Amino acid sequence: MLNGIPINYYIMLSAVLFIIGVVGVMARRNAIIIFMCVELMLNAVNLLLVAFSTLHNDASGQVFVFFIMAVAAAEVAVGLAILSMVYRNFKTIDIDLLSRLKN
Amino acid sequence: MLVGLLIIVPLIASLLVFFTKGDTSRKVALGLSVVEFALALAVFFQFKHNPASKDLMLNCNWVESLGIHFAVSVDALSMLLVLLTTFLVPLIILSSFKNDYERPNSFYGLILLMQMALVGVFTANDGFLFYVFWELALIPIYFICLVWGGENRGAITFKFFVYTLFGSLFMLVGLIYLYNHTGFDTGIKSWAVTDLYEAGKSLNLNQQSFVFWSIFLAFGIKMPIFPLHTWQPNTYVNAPTQGTMLLSGIMLKMGTFGLIKWLLPMTPLALEKWGWLAIGLSVFGVVYASCIAIVQKDYKRLIAYSSIAHVGLIAAGILSANQQGIQGAVMQMLAHGVNVVGLFLIADILLRHTGTREMEKLGGIRNMNGNFAVLFLIIMLGSVALPLTNGFVGEFLLINGIYQYGAWFAAFAGLTVILGAVYMLRSYQAIMLGPKRDSAIAFGSLASSDKVVLYIICFVVIAFGVYPKPLNDLAEEGTKLIMMNLK
Amino acid sequence: MKGLFIISGLGILAMLAEIFKFKKALFPMVLIGVLGAYVSIFMEWGPDNHMSIPLFDNMIRFDDVALAFSGVILATAFFWFILANDYFEHDHITDHFALVLFALVGALMLTSFSNMTTLFLGVEILSIPMYVLAASRKRDLASNEAGFKYLIMGSFASGFLLFGIALIYGATGSFDLMAIRSYISQSGGELPVFFYAGVLMILVAMCFKVSAAPFHFWAPDVYEGSPTVITALMSTIVKTAAFAAFMHLFLVVFGKVSDSWSMVLAVIIALSLIISNVTAATQQSVKRMLAYSSISHAAFMLMAILANNRGFGSVNAILYYSLAYSIGSIAAFTVLYNVSKNNDNVNIEAFNGLGKRHPLLAVCMVIAMLSLAGIPVTAGFFAKYFVFTTMIGTPYKWLIILAILTSAVGVYYYFKVIIAMYFKKAEGQHEPIQIETSHVVLLVLTTLFTIALGLVPNYVIEIFS
Amino acid sequence: MIKLVALIPLFPLLGFLINGFFGKKMSKGLSGTIATLSVVASFVVSLLIFFDLQEHPEMKSHVVTIFSWINSDTLKIPFEFLVDPLSSIFLLIITGIGSLIHIYSIGYMHEDEGFARFFTYLNLFVFFMLLLVLGNNYIIMFIGWEGVGLCSYLLIGFWFKNTEYNNAAKKAFIMNRVGDLGFLLGIILIFVTFGSITYGEVFSIASNGSEATITAIALLLFVGAMGKSAQLPLYTWLPGAMAGPTPVSALIHAATMVTAGVYMIVRSNIFYSMSEVASETVAIVGVATALFAATIGLFQNDIKKVLAYSTVSQLGLMFLGLGVGAYSSSVFHVTTHAFFKALLFLGAGSVIHAMGGEQDMRKMGGLKKALPITFATMLMGTIAISGIPPFSGFFSKDEILAHTYEHSPTLWFFGMVASMLTAFYMFRLFFLTFYGKFRGTHDQEHHLHESPKSMTFPLIVLALCAVFAGVMGLPEFWHQTNWIGEYLSPIIAHKNPSTLPHDTEWMLMGIASASAVVIIYVAYVIYMKRNIRPLPEGAAMPGLQKLIYNKYFVDELYDKVIRKPLDVLSAVYHYIDTKVIDEIVNGVGGAVNGMSSVVRKAQTGHIGVYIFSMVLGIVAILFFTFIK
Amino acid sequence: MLGYTITQWLFGILSFLAIMFALMVVFTRNPVNSVLYLVLTFFCIAGHYLLLNAQFLAVVHIVVYAGAIMVLFLFIIMLMNLNAESEPRKHIVARASAGVAGGLLLFVMVASLKGAEQLHLVQGGASQIGLVKNLGKVLFSEFLFPFEIASVLLLAALVGAIMIGKRDTNINTKEETI
């Protein structure tokens, strides 16, 4: 119990957010949105970690979240760079139009 | 130590040949292979008067932690097959003098490399080493067939390669399985053949059956046994003649030899349970292949099928697992090795002199070249196993052995006596006898290299038909050894 | 340990090279640096290995296994730099080398991590430069697409990795692998269900990294789209590192709960074997074929992990396998690179008649192919052999049979190349292939190495015993 | 002397080698002489050995070991020769008649360019034949057995340009092989049963064998005999074998090789006397063959074919004798038959020689004047074969028939009929050839001439033998010693001396000779008085005659029942091989490719799909792990 | 109220909003809107952090995500001026199947993410771990190495981003080689 809220609730909440992110990745074609959905997934994880860290009364969980954020930032930086390059060459970031490589 | 030399010399020889150019390489190859034969003879005499000599065995660690040794030695059986190999390779090389291949240095280098692997297979005393040599023998012949073969060789040789590799992978699994069961008492796992025997005998029926079939698959494909044989005719026909000789004369013996040394003593129970099926397949293969041989038009293809028939008989004899059967198999292996090389050379000569192997287009060559007719006749008689030719001893013992396993198997297998005569005589008549056809007109006298080879082969056919004792004693001794392990 | 620092230092040095204009000197410096790192690993090697005590509060731990894998990675890297120099020396050599070196840092971390944090960081440090490198041919649409796909799917997969880590943290209350391990062993089977869920999610993420079916889809596309040298990098170093991590996680940490994941892994292996080999059978692009073949090799290595046998059987098998495979692929890719250098053609026709056009390349390719196909006495054969030996005795014999069947198929596509080289005539006019002396050296080295590994495998296989 | 038995086969072998290697370079005369001398030499040795054998009657069989040949654990096959009454008799027949025929051939083959080759083969044949009879175990016999088969193949196909002849040769070899397989299996069964294949050892313990096994052995051996001795149903090759040069027909297909079957059964008589079934079979097959062949002989027009069928029928008689346990009588008949049949063939040969190769009796006639010696000798031969006392044929045939009567009158009756038919067609041949007026072409008539000395000399010798050989086996009840019976008695396991009352024997003899005379008269009436000529080719003839004239269509039957089906079977197998089995193998490859193209579809290149399948994978994993 | 404590109410509301906004992120067509919804989601999550008394983290969260990352996203979207019209949509089947897959995933996760009850915890009242002091201590003692190595990561990201981002000045280099 974290001040009156069962840990299961947190697990479920973050699971749901995570899954929404997953669904977003599957359901959208706009690369940027997909990217955002990935961010959403990461945040779900963050939430879970924080919940657990409070549960275990252990700071390392929250520290880990910092690292996730750092990595996320780095990923986004690189990712958006790549996206802009793709946009430069393809004039689109619609993932369904980027399917030259197949079979 | 001599044994080590047996394996090293061809390797060095092939390397040397790789660095020769053009016409010299064939001469060098011939010379070196003769040296190898002399070496084998030396080993033979050594073996004769002192079988326990240190020279005849070599055993050093390879991968110690896995109990893999580089263990080779010469016992009676391997002695015979080494003699066969080292005797045939010079002939094969000599027989190639009339057709000049491009990049001869690689061609002859590969042949010698193959010889190395073959000698290794026959002398290996360590299961793993055996497997390695077994696979090693496959690669040179694959390239020989691929690079110097006939039309659409790509697909055919490839089929051959995958087919055999597929089988041998199963053999590998079977062997590893045995290996895993070695050394229960000592706790030290080992690949030594005797330990594998132990391990095999310690297994229960189902395990043995698994091992039996997985190993039999490899040998069955290599020989080949009836339903697994379809790679063989095309490969034989498409390979360059020397490749075909290697395949049928020596490589085929890898399968039968493996059957004797690497399968029989390991799985006695499985043999009792499944022997009938294996023998049944082999024996059926005899009649099946003979029948197909009857209707062949291409002479080379006919020989290919005939060799399936012969090997079927050999396999049946081995699987009947008694003194006569196995000894007969060994004798027949030697005889078949020599005869089939002769026959394929004849096919090659026909092609070279008349431009065709189609028997319909041939005929009446005897009018042009009586000598050739006689040589051909002798070799043919050898392969229909007429008494006083080398083929007879083996065939008699084989049928004898099979009979002891089951009278009806023997009766059925014995049909080869008749069918063999049918297709051999038919083809001989079609090619040599009758009024001379226009294809025969051009048929001049033989090239000296071909003559030499044929004369040697005919001599062997007669000599070891009349007086097989030297070989036969070895075969008997070796078989006795195997039989002891079978007990 | 020192190796790690040396490499990171090299990375920074590479960046400085751009500024202080000693590009030319960079290549030799990198080689020396890599060698230095290698030497440092040798120094740290040994039974009285003080490095195997945890460092930085047990964040990483360079025990002998870690060192061995780092050795493999660095050796491969050494060869790779020789291969890549020719390609990069004209543009962006510094940033490319910097990125590769950073990636190497990640790879080394993956061999030695001892905490979920370092695992995660290692994965990302390895991945992010890879995304960039895959996309590094900015005008080449294929390259763009490759980087793009790799990026999106990679980050998606690391989402799962994180979720798994979070769950395990939730169950055990720690990121420290030793702690997790002891936690598992203390609570005899009394673990919360979601812990297993976490393990499986990590399994999934790792399977994605080593590209095992059904999480392999990215690999072929990315391998094909990326520049050949980068593909070589991915299929060797990245794979080895990923496997080191995989092994560490699932043999050392989660080994005790193996019955929760072994069946899943078995199915994944079976799928990978079938899909990869079958799909590769009809590929026209050699590059893509190699991608699929790398999937099937991954499946083989996974078999060793699945066998999960105590003692060092699996470790040795994987170590040997990754070494053999890396060397073989480097050779293969070098040939591929040189064959397709002039005209961007990586299809199999490019190899037609190579046996005549450039015998050396052809022979090396043959050896490489034989090794990949697992024919004696090349390294590849022993690699497969060791995997089989670990597998026999496990309840998964059917996998061996499947492996045999599929590797027969494997022979099919490897030998298509050989047939093309020796049997097909080269149609049209091919301009002769000039090849850098450095590459000649590289090829000879790798080829000899492949054969030597096959002749005397004991030096590698008897490292741990 | 007996120790030198090895010389007997050695001489012909040497002759063979010399002719084989240097024949082409030598003059015809030289090579002919060498060949002949080699056989004569071994004849001399055989004689010496024969007399040796007489000198010490106490030990009847001598084994001479040459070298040990095949050893396989318990199976020991030494290369040993056995000299005993039986083999000695056969040695004499073979070498004696052999040398005569060699002499004859020098003249007969003189124009042929394959002269040396001919003698090479002939010597080789003699060598193998001697091995056959000399061997001390079944395998050595088998060597000779197959060896003579080979030689007959070579000699039948001697004129290899002619496809007909080649086919005949091939047919002969293959049919013999059918028999040989039976023989081989018999030998193996002997080994498996008794653990040895050496005569002495086997016969000493033969009684241990069970009835069934013995029968099996006997029958298997008999299959071999059928092939070699042209018994039903394996006889059709023998008439075909007439394609060979006539001396060959005389030596191989009349005197020696075809009697190998008889030799083999006499050798292993113990089995037959132990097995009722087997001996019955032998007897019935024998008599059936005798009748069958005799009837065919009636309407043949090729002079050699007639003789061929008569040979078959005579062999049938011998087997009848064997079947009823009259082993010595059969050997006796073998001997006499060897003389008169060789004589007849050589006579026919000299006729053909005179006719310039013509063999059709419809083109002959009135040769009496042109070929006096041939005529005279042929006459003696014909009388001998027809069984007119006191010519040799009478005694041997009568002895067999007597035993047959004792055994079963029915068989005797058929045997009787067969011998009557023999008398008929032989005299038909005789009349058609030598009497009436010449029916050949004009230049043939000019060309007619008596054969050279080298050919007539053997004729005369043989004629004398044909007349007087009967003394070897005068019936016991004449209070004479049936020498040959006595002589062979050591090797006959179970003797059954004739227990017939004397008057019965007299009666049988009477019937035999009387019927023979009658038949000859009939023949005389038909072909001399009525002067009826055989119908020309393709003329319409009554059904039965047509049937017989076409040899009961047996060849056609075999063609339909054996050759055609074999070819069909082979074609079917070939089809299966290439179209079924191989296609299955290739199918695997095809299947892989098919699967490949399917699986490749999954790799659409759309990230969405990839992600989607990943998610599904995860769902599946979690599902099967936690919800089951 | 209704037997729930205030925190429980807050938790309920925040969770509801978070899920709502998250769904909106996925389902609104206009990219700009989804960015904004994502920002809102992040705020809710920050709220949760506060509830879990991880105050410092909450702040950092807002700063990093809402402040930095999302701005970056917006910037790119503006750059490419994407809007509802230009927004491509997956085929309805694809979207439906995506939904189904999500549902399945939720189902199995619900099934697999149980068992938290049996966690035996070291529960120490209202925890102070979320404070900067504690976090800093942990970060710079225990997590020093990751912290340092993260710099390598950022460096790599930096180089990578620049390398990708900057236009090539030298076109004539051998771009077209592999």
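Residue numbering begins at 1 within each chain, and the chains themselves are lettered A, B, C, D and E in the order written.
Criterion: contacts are C-beta pairs under 8 Å (C-beta built on N, C-alpha and C of every residue); 3 or more make two chains touch, one makes a residue touch a chain.
Note that the coordinates shown come from a computational prediction; the quantities given were computed from them, not determined experimentally.
S.K.: What chains, if any, are shared contacts of chain B and chain E?
M.R.: Chains in contact with chain B as well as chain E: C, D.
S.K.: Treat touching chains as neighbours and tell me the shortest step distance from chain C to chain D.
M.R.: When the steps are counted carefully, the minimum from chain C to chain D is 1.
S.K.: If I average the CA coordinates per chain, which chain comes out farthest from chain D?
M.R.: Ranked by distance of C-alpha centres from chain D, the top chain is E.
S.K.: Closest chain to the protein CA centroid?
M.R.: Measuring from the global C-alpha mean, the nearest chain centre belongs to B.
S.K.: Applying the contact rule given earlier, which two chains have the most C-beta pairs between them?
M.R.: A-E
S.K.: Hey, how far is the Cα centre of chain B from the one of chain D, in Å?
M.R.: 38
S.K.: Could you tell me the distance, in whole angstrom, between the mean C-alpha positions of chain C and chain E?
M.R.: Centres of chain C and chain E (C-alpha means) sit 31 Å apart.
S.K.: Quick check: how many Å separate the C-alpha centres of chain D and chain E?
M.R.: Inter-chain centre distance comes to 103 Å.
S.K.: Starting from the mean Cα coordinates of chain B and chain C, work out the distance between those two points in Å.
M.R.: That pair's centroid distance is 43 Å.
S.K.: Hunt down the residues of chain E that sit against at least two other chains at once, touch-wise.
M.R.: Where chain E meets two or more other chains at a single residue, that happens at 90, 94, 98, 101-102, 105, 109, 112-114, 116, 119, 121-122, 142-143, 146, 150, 153, 156-157, 160-161, 164.
S.K.: Name the residues of chain C that each touch 2 or more other chains.
M.R.: 117, 121, 124, 128, 131-132, 135, 138-139, 149, 152, 156, 167, 170, 173, 193-194, 196-197, 220-221, 412
S.K.: Going by the contact rule already set, what residues in chain A reach two or more other chains?
M.R.: 7, 11, 21-22, 25-26, 29, 34-35, 51, 53, 55-56, 58, 60, 67, 71, 74-75, 78, 82-83, 85, 95-96, 98-102
S.K.: Check the chains against each other and report every pair that touches.
M.R.: Touch list across chains, by label: A-C, A-D, A-E, B-C, B-D, C-D, C-E, D-E.
S.K.: Could you pull out which chain D residues touch chain B in their complex?
M.R.: 67-75, 139, 142-143, 146-147, 150, 153, 157, 160-163, 166-167, 170, 173-174, 177-178, 180-181, 184-185, 188-189, 191-192, 566-567, 569-571, 573-574, 577, 581-582, 585-586, 589
S.K.: Quick check: in the complex, which residue numbers of chain E touch chain C?
M.R.: Interface residues on the chain E side: 109, 112-116, 118-119, 121-122, 141-146, 149-150, 152-153, 155-157, 159-164, 168, 170, 173-178.
S.K.: Provide the residue numbers of chain A that touch chain C in the complex, in ascending order.
M.R.: Touching chain C from chain A are residues 7, 11, 14, 18, 21-22, 25, 31, 34-35, 38, 41-42, 44-45, 48-49, 51-53, 55-56, 58, 60-61, 64, 67-68, 71, 74-75, 78-79, 82-83, 85-86, 89-90, 95, 98-102.
S.K.: Residue numbers of chain C touching chain B in their complex, please.
M.R.: 355, 370, 375-377, 381, 385, 388-389, 392-393, 400-401, 404-405, 407-408, 411-412, 415, 418-419, 422-424, 456-458, 461-462, 465
S.K.: Report the residues of chain A in contact with chain E in the complex, numbered from low to high.
M.R.: Residue list for chain A touching chain E: 2-13, 15-17, 19-24, 26-30, 32-33, 35-37, 39-40, 43, 46-47, 50-51, 53-60, 62-63, 65-67, 69-78, 80-85, 87, 93-94, 96.
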